[in-house]
Structures are given as C-alpha cells and as structure tokens.
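The structure follows.
The letters A, B and C name the chains in turn, as written, and every chain counts its residues from 1.
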Amino acid sequence: MGTTDVRAGLFERAVGLFGLIDGMRGVPSDESIEGLLRLLPPDPRRNLAAFFEPHVREAGVSFLRMVKDWMFHARDARAAGRKVILVPFNFPPELVLAFDNAVPLTSEVLTTIAAVGLEGGGERYWEHMMGLGLPDHICSANSVELGSVLSGIDLVPDAIISAAPGGCDANSKIHELVSRVLGIPQLLIEKPVDDSPEGHALYDVYFRQLIERLEDFLDERLDEDKLRRLLARANRCTELYWELYELHKPRPCPVPNIYNLFLAPVRFCLWGSDQAIETLETMVRTSRRRLEERAYPAPVERARALWAYTSYYFDVNELHGWMERQGYTFLADVLDLYHPRPIDLRSRDSMIDGMIAAAWSYPMNRQMGASSMSGAWVRDVAHGVRDLDADCVIFCGHDACKQSWSVVSILGDELERMGVPLLVLHGDSWLKTVTPIAVLQEEITAFMETRVVGRRRGAGRRRLRRRSTTEGSS
Amino acid sequence: MSESMGRDLAGGHLRTWRDGGGRVVGYACVLTPVEVLDAAGVLPFRVKALGCSKTDRADARLSRFNCGFCRSCLQLALEGAFDFLDGVIETNGCDQLRGMFENWQYVAPAPWFHYLKVPHVVTPESLDYLEHELRRLAAALERGFGAAVTDERLIEAIERRERIRASLGRLADLRERPAPAVTGSEALSEVIAGSALPPAVFQELLDEAIDRFERRPAPPAPARRLLLGGAAIDDVELVRDIESLGGAVVADTLCFGSRGVSLELSEGWRDAPVRALAERTLRGSTCPRMYDELPSRLELVLATAARARVDGVVLVHNKFCDVHGIDNALLRLELEKRGVPVLALEREYGAAADRGRLRTRTQAFLERIGGGR
Amino acid sequence: MSPITLGIDVGSLTAEAVALSGRELIASAQVDVLHDPVATARRVLSMLDETLRSVGLDRRQAARTIATGYGRERVCDARLADHHVSEISCHGAGAFHAPSAAAGAGVRTIIDIGGQDAKVIRVNARGELSDFSMNDKCAAGAGHFLELMCRTLGVSLDELGPLALGASHPVEMSSRCSIFIETEVLHFLQRGFDRRDIAAGVCHAMADRVLSLVRRVGVAPEVTMTGGVAKNVAVRREVERRLGHRMIDLGLDPQLVGAYGAAVLGSLEVARSGERR
C-alpha cells in the first residue's frame, strides 16, 4: 500500500514530452500544432499553446528544441559513459559543458519544465518532499525536482554542485540533504557576502578549487582549447543578449513577453551552445522585425512592468499572454537580467577569471548574495526601471524566498522615493495551488488600472535617501 | 541568577556597567567571537527576543514569511528596547538575520555598526579570511570605542571566557546526572542571563548558581531524558513546558545553549590568538549554517545523546527557518535510522496559541517513548 | 463485573465521555463544547451519569478516569480525571482495541480528521504509539473546511458525501487554500457545473490534504478512519482509492474513539496495578 502519487519521475516524464517536440520540423503550421496539442493532457496543452502563438512561434519552437536537446543530452549521457551533474540555477553551466565527461542539469529549470509541461505540474514531487518530513516553507524552485530525485524512480545525478551557500540557505540546505540521503558527492562553492577585494579573492580561490575537484571527479583536465571554443560562443550569446536587451527599450516593446521566460534556461542550461545561439538569434531577429512593423499584441501598450524578482512559471499563457492582451509589457525579471560580459579568451586564466566574474554576477548571487541584499537589489531594480523605461515594478512574492521578502519593504521605500509604483504579490512561483493565476490577474489589473496606466513615472519622486549601510558610525 | 534577570533586557548588572561608563555592543549570532569585544573593553550583548509575541512593526518591514525570532527581535529594536546599545554587529548567520539587520539599520541605525562576515565552509582559505575579518572587527572596535585589541588583551579575554566555558561545562555535567541536579530550563536561563552580563559578573553568578544546584537535595530521576536541539530558542517557557510533561532536558545542541561551548582551543593558541578564535569559530561550530559539516554535527548529537543517556531527541525549528527546518528533517532521518526516537517540532515563535499544540505533540512523543506523565 | 473506567475527550468543537466495563462500552455521551473546557467536561459527565444510573451504576465506582483532547489539562486541574493522556495515544489505543471483530488487534494506521485538526497515528503490534503526524493549522485539512463548502453549496454535512458519490466528472480544485477553493466553488456554481461534480471536487481536495498528512508517517494495514469526517462516505472512498486499500470499520462511532481509547488506557492501567497487587 503506498501513499505516494509519484509513479514516474519528473525527468522521465519531461523527456517523454519533449519526444513529441523532437518530431517537429521547421516552424510548424497551425494544423500541426493543433494536432500536437491534442496529444497532450490539459495542463501542458494549455501552457504549451503559449509557445506556439503566432507572434512567438518561431522563437518558441527554437526554444523548445533547445530544451529538448538539453534533456536528451542528459538522458543519453549515462549510456555514453558521461556523468550528470546537477547544478543550481545560480551557477554557470558552461563550466560543466566544457568537460567531455559531464553534462549539466539545472534543478530549477527542471522544476519549471514540470510546472509548464507536466499534468499536475510539480505538485506530486513537492508532496513527496513533504512526506519525507520537510517543512512546507522550503523553496519549490528546487524542491520539486529534488523531490523527484528522492523518489527513487527518476534520474539521479552523479554529483551536485551547490553554489548557493552564502546567498541562499534554502537552496543550499536542500541540496545538502539530497546529497546526504542519496550518498552522492556535493561540490560546494560558497558565495562570500563580501563585495570587497578580499571577498572577491576568496571566491576566486573557491572557484578554482572547484575546477580542480571537478577535474578529479571527472578524471579529465579542463581543456583550454575546448573551453575557448565554448566561451567564444558564450561571447556570441552575450552579444545577442545585449541586442535583445536593447530591443526592450522602444515603446511599444517589440519583444514578446514570453521571451523573458526563454532567456533564463538559455543562460542557466546551455550558455555557449549552438542551440542557445540559435534561440537568441531567433529572438533578436523576430523582435527586430516586430520593431520595424511596430507590432504589439494589443492595440496599445498601456504599461511596462519590471518584475523585481522571479515571475510565475505555471499557467504561462494566463500570465505572459494575458498581460500582453491587456497591453501590459513584461520587460524583464531578475532571472533574465543576468548582465553577461564578454570573456577574455586569451588564456586559461583569463577565461576562468571571466567565468568567475560571470558567476559572481549571476542572478540571486549579485543581489541576495551581496554584502547588502537591499542595496544591491535596489541598485539593480532602479537601473532596470530607468534603462528599460519601466512604468512600474511587480514583486512576485514567491513565498519561500525569505531573503527577498525580508527586504522588499526597503525596495518599496526606495521605489516610492523614485516615484515608481510597486505591486507586492504573494504566490508560489512554481506551484499553482498556492495562489491561482486568476487571483494574481485580478491583483495585477487592479494595480495597473489604479496606479500605473495613465500616470507618468516619477510623479511624486523624492531624492534617494542616503543609506547608512557603511560600517562605522552612521 | 534567575530567569527574571534574563528577561530584563537592559537592567541590573547591565545598567551598572553602563552607569560606570561602559559601552555595550549588540550581536545576534553565536558565531560572533565575543572575546574580541571583551578585549576592546565593550560588553557583548546578545540580541534576543525572549518570546516576544508582538510583531506588528516588524511585520511591516520583514514579512510573515520570515523567521518569527528575527521578527520579534526587530520588533524590540523598532520599539526602542535596544536603544541602550552603543553599537551593533551584524553576522551573516543566516539569510533571516541578514534581513533583520538590514531593516534595523535602515529604519533605526545604530550609532556604530559593523558587519562581520563568517564563511559557511571550513577550508584553509576560509580560515585565513575569517582571521582577517576578526582583525577588521578589532580595528573597527578600536576606531569606534578607543581601546586597542592587542594580543595581550585578547588572550586575557579568551582566558576569562574559557573559565566561563568550564563552568558551563560543569553546569552541563550536573544536568546530565542520572538524577539531574539542574533542570533544562534552569540551565538555559543561566546561559540567556549570561549573554547580557559582563564576563566577571557572569562567572561569579554562574559559579554561585552551580554551587547552589549542587547543594540542594537531589530530585528523583526523571521519567524520560531528552536531548533538545534546533533553532534560536531563547524562551525558557518552551523548555519548561517540555519538562512539565515529564521529559527532562538533560542535554542540548541549542544555539543559546551548548552550541557555544563545544570545542577546545588548539594547543599553543596563545601564540596566535586571533587565528585560534577563527579556528574555533569555524571548526567548533555545530550550527547547520556550516555546510559540509553534517557528519561532525551528527556525530556530536549521537555522542551527546549517548553520554547523557537520553531516551529521545526533540528537534525544534522556528517556522520559516530553512536552516534548521531542513537540517532537523535530515537529522531525524539519520537518527531514526540508528534507532534514536525523534520528535521534530515546528513552532511559531512567540505565539501563545502555539503552546497547546506543542504540548500535545511533546506529550504524545513522551508517551511513545514510554514516559509521559 | 470488570472494573469501570471512564474516558473524557474535550475537543475544540465537541466533547465525548465513555464508560467501559473491562472493554465493554456501557455508556457514552456527547455534547457541543462550551466556552470553558471544565464546564464542558462537567456537562458531558453529567449526561454520562444519567445513562450510568439508568443501568444501576455510578460514576464514582470508576477505578480510573482519563482525560484527553484539547481541554485535558484543565479537566485534570479541576480533578475531574485522574490524569491526562494525549489524544494521539488515545485515538491509537481506541482504534487498536475497538470492539469490531474486523479491527481486533490488526489496526496499525489511524487517520483522525476532526473539525479543527487532523492526525495520522501509527501503532505497533501491541497497540503502542510508534509515530504520528498532526495538522492543526491548515483549515483545508480538517472538518471545518467541509462545513464551509457545505454552506457555499447549500447542503448539509450529511448530504455532502452522498451528493459527491453521484458525480460523473468531479471538478479539480486548483488551489490548496480553503479560501480560494471556496471562491472556485462559487465560480463552478455560477458556470452551471453539476453540484455533484463540485461536491466530489471538494471531497477530493479534502482527501488530498489527508493524504499529504499520511505521507509524513507512511501507512501500514490495517487502516481506519476516525473523527467526524470519517462519516463522509465520499472522502473516505477517495482516501481508500488513493491508498489502494479499504479502511476497516471499528464498530464504534468514529467520534467516540478518543474517549473510548482514554477509557481503554485506564483499564490497562488498572489491570497492571492489579497484577502488581
């Protein structure tokens, strides 16, 4: 007699889903899409329809193929004698991609795939975690995927890289638990909450030690030439990222809302891969075309929103598509504002330095792993608001994110001084059962229509307050 | 020394210290080496909430998804209960403490503030880094309060705290006796009171208390012996509740308890006292915020449980504390695999309404291990 | 005649009292709680007294009286019981020693869903408590949730289960929160969904919460359900379906199990002290 609803693992089921995508050629027609969607159960059918909307189809298909390749790669890795390394989203996967003997899988992206593409989302894997006695205030972002890993019937990684110590207790502790329970090696890299030269120097040492430990674990030396080829493509990804970033600036915004969802897996899973380049090129090309045509999904762009942290990864059409239909642009969220920089390819050391800088500057690391969480977060959000010409900021209020919840009041105060309205939502970014999308839609609508639409940003602005975050006397 | 002394945040001996011109610096995390403050001539005051249940002002800054202990501490700060502090040290014990301090500094900045950054891992480099951080702390204290933290003063401060640790060790021994000479709530009261006392006063009062405990008639052996572990527990009421139901808390791995006393200083520490403190802070910490240290933490819990001959382990975490919430789940799996019964409790810090549900669970656990009253 | 033992269970919504002679149930009483647990205990004991008197017995003959439930400590302080035991142990003992032949000594898992809280109790082969999990914070996991939904659906608690069993396409609730579920029920009603399908959706949502609690301690046969929600045939069936196992009948009103178990524990104590003499 069992109590678990887990009959098949998350990864296994997701690979099955992407098997359907595997058969797609070119940009599918309406009829092909209708046929494909008919094969799917209600939840993925509804969500995946968002990827095939006419104005996003080309990029949506490219993106789905990219994710498909990523998953199939990991599926085939073991048979090919390679190791699967689970990485958290706040760690550059290109380090693992640079090894022949390893493939990376990103916990939070797998959780997102479940939220979007599996019937019932990730609920059953979450419930499995709860059944093990974990408290319900842990973070679904990784706990859904890790619940599946712990179920015993899904792909178990050969090792875990844990890159959140220092920046995120929830992420770090749950990976530690999984490592211990399953007896798989954990490769830790702490993010010092110290923006001084000493903090950077310590992280530099940690990162280089991690490379050595990876080399030992994989019995393979990090090959400089291979790394250079990969990072050269990563630099191409960086160029394309900034082109797409610039394309967010015009009014109306020609970049479809859902492209922001695509940007996260591009960075967190396959940065530097041909598939990532192709997806970015498609997004840039289609956005440029839309700019020329002044295309926008609604008659008028009524409001432009910057999401201060994550967004919601279930019911994607009811978020991204719905927002567009109302004339609300989703400019970016903190996961896709990852500020990539070109990497100096001249030497092994310069390339490693580049990866270290990238890791340091990763989403979450750069805000919640900073010496001042609120200071760094305000800096990034304020910059995003000004640079992307946002009318307002929306905080998703993912209920398990203690760091952002602890300092959103400070963000709100500073945004108020800038004259930027802030909406604080509450929900679970990956579990739809906490706050249904209909409730979130109502709250967004009420906020937009009463505080944003028709008002000039900056009205009521006051000078940014001098903050006593420096040490010594205040 | 009594529980009431612990409750009186700024009174008694603390007031005497301040009236005599002494300065007081608050800190919240057990990984803050108070010896450095002692050496700088300031009194370290451990920020605590003592079960404060009102959090309306703190909830406007933090959220209802943040740890109740931190919210309660922030509430007291915003109400001015910590206004007597001449300075505050933030230590990155956990994400929730970081959020608490950022809001505290944002709304009601302390006259002097320093951020001590403690690594989460133990490596040669992290030890070097922490040593540097401790020197930075010492320099900041000197700039802020005038007294140089020389090696000599530091050695003297460490020796003084070592004597206190030895006394706390005696207290723990009394508690572990077959017929404990001190209850768990009494022992916790001593530690809490001591977290606000000048070291010399703490030593004197602690030794007096220990003598008193030793001299009084031995109570009957308890029905069941427990080890209590988990999150920031600074309210004695919880321990008293457990003990009123028939479970004697004869050992602990609490942050406000034995967690601060666990490791001996290395031989020859006087040659490099700052380094010695860095080593002890990182290596001796049994806090689950230290990563990759589960094997030694588990070993400590097992060894303590065996030595104290406990019948069961109670692990408590304050709701929304991921560090202890997840660690307790992991420890529970590991301990029960080894035949040690475990009760994992999640509590709403400071909520009177929570008492009943905790008592029910504790009573059921004691009945399960055969000793409910 | 075997020694008489009494069990009093003062919960948050109802209170029950049971008198046993040995293991034989000779009297029982149930009341809605008053504001004060001691007053409640006095009232339910007074009702029990009436029944006992009608069979020629007197409560003062009881060899042991055990209190349990939310108000147990206050009841003991008022000297209305000899001592108190947690409702967890009492429900475990009550189910294990239940009168039904089917129960016998086979019960190992007890799912107790009351008005305000829920618990899952595991007992060993001797009927001793071996593990438990409790939910007393989430409204959607206790009986009060069903009361709320009944009001919205316009049916009584007794009608809800049979109504749900008539469903052909149970709706799926998209939230775990009782507040949002209530809104969803309204939306379904407004959109003309069949009330039977909505009722089934509500019962399935309740079963989801129950299973969530069960997972924390696991399940071993035989399994039984106690508490007021056990009377809801649709919730019970859905839990059985998800567990893949039928729940056994204890031969006892599910709401009396706590008090019954308290009285049983009393009789076991009496037997032990008698053996020592």
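Going forward, a residue touches a chain if its C-beta (ideal position, glycine included) is under 8 Å from a C-beta of that chain, and two chains touch if they have at least 3 such contacts.
Every value quoted in this text rests on a predicted model; they were computed, and no experiment measured them.
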Distance-maximising chain from chain C - centres being C-alpha averages: A
Result of counting contacting C-beta pairs for B-C and A-C, higher pair: A-C
Centre-to-centre distance between chain B and chain A (centres being mean Cα positions), rounded to whole Å: 37
Intercentroid distance (Cα basis), chain C paired with chain A, Å: 46
For chain B paired with chain C, centre-to-centre distance based on mean C-alpha positions, whole Å: 40
Residues within chain B bordering two or more other chains: none
Per-residue multi-chain contacts in chain A, two or more chains: 133
Contact set on chain B toward chain C in their complex: 356-357, 359-361, 363-364, 367-368, 372-373
Residue ranges of chain A touching chain C (in the complex, touch as defined): 1-5, 127-128, 130-131, 133, 432-436, 439
Residues on chain C engaged by chain B in the complex (per definition of touch): 70, 73, 83, 85-89, 128-132, 134, 136
Contacting residues of chain C [partner chain A, same complex]: 174-177, 180, 184, 211-212, 214-216, 218-221, 223, 242-245
Chain B residues within the chain A interface of the complex: 60-63, 65-67, 70, 92, 94-96, 98-100, 102-103, 105-106, 109-115, 117, 119-121, 123, 125-126, 129, 132, 140, 143-144, 288-289, 291-292, 294, 317, 319-320, 322-323, 325-327, 329-330, 332-334, 344, 346
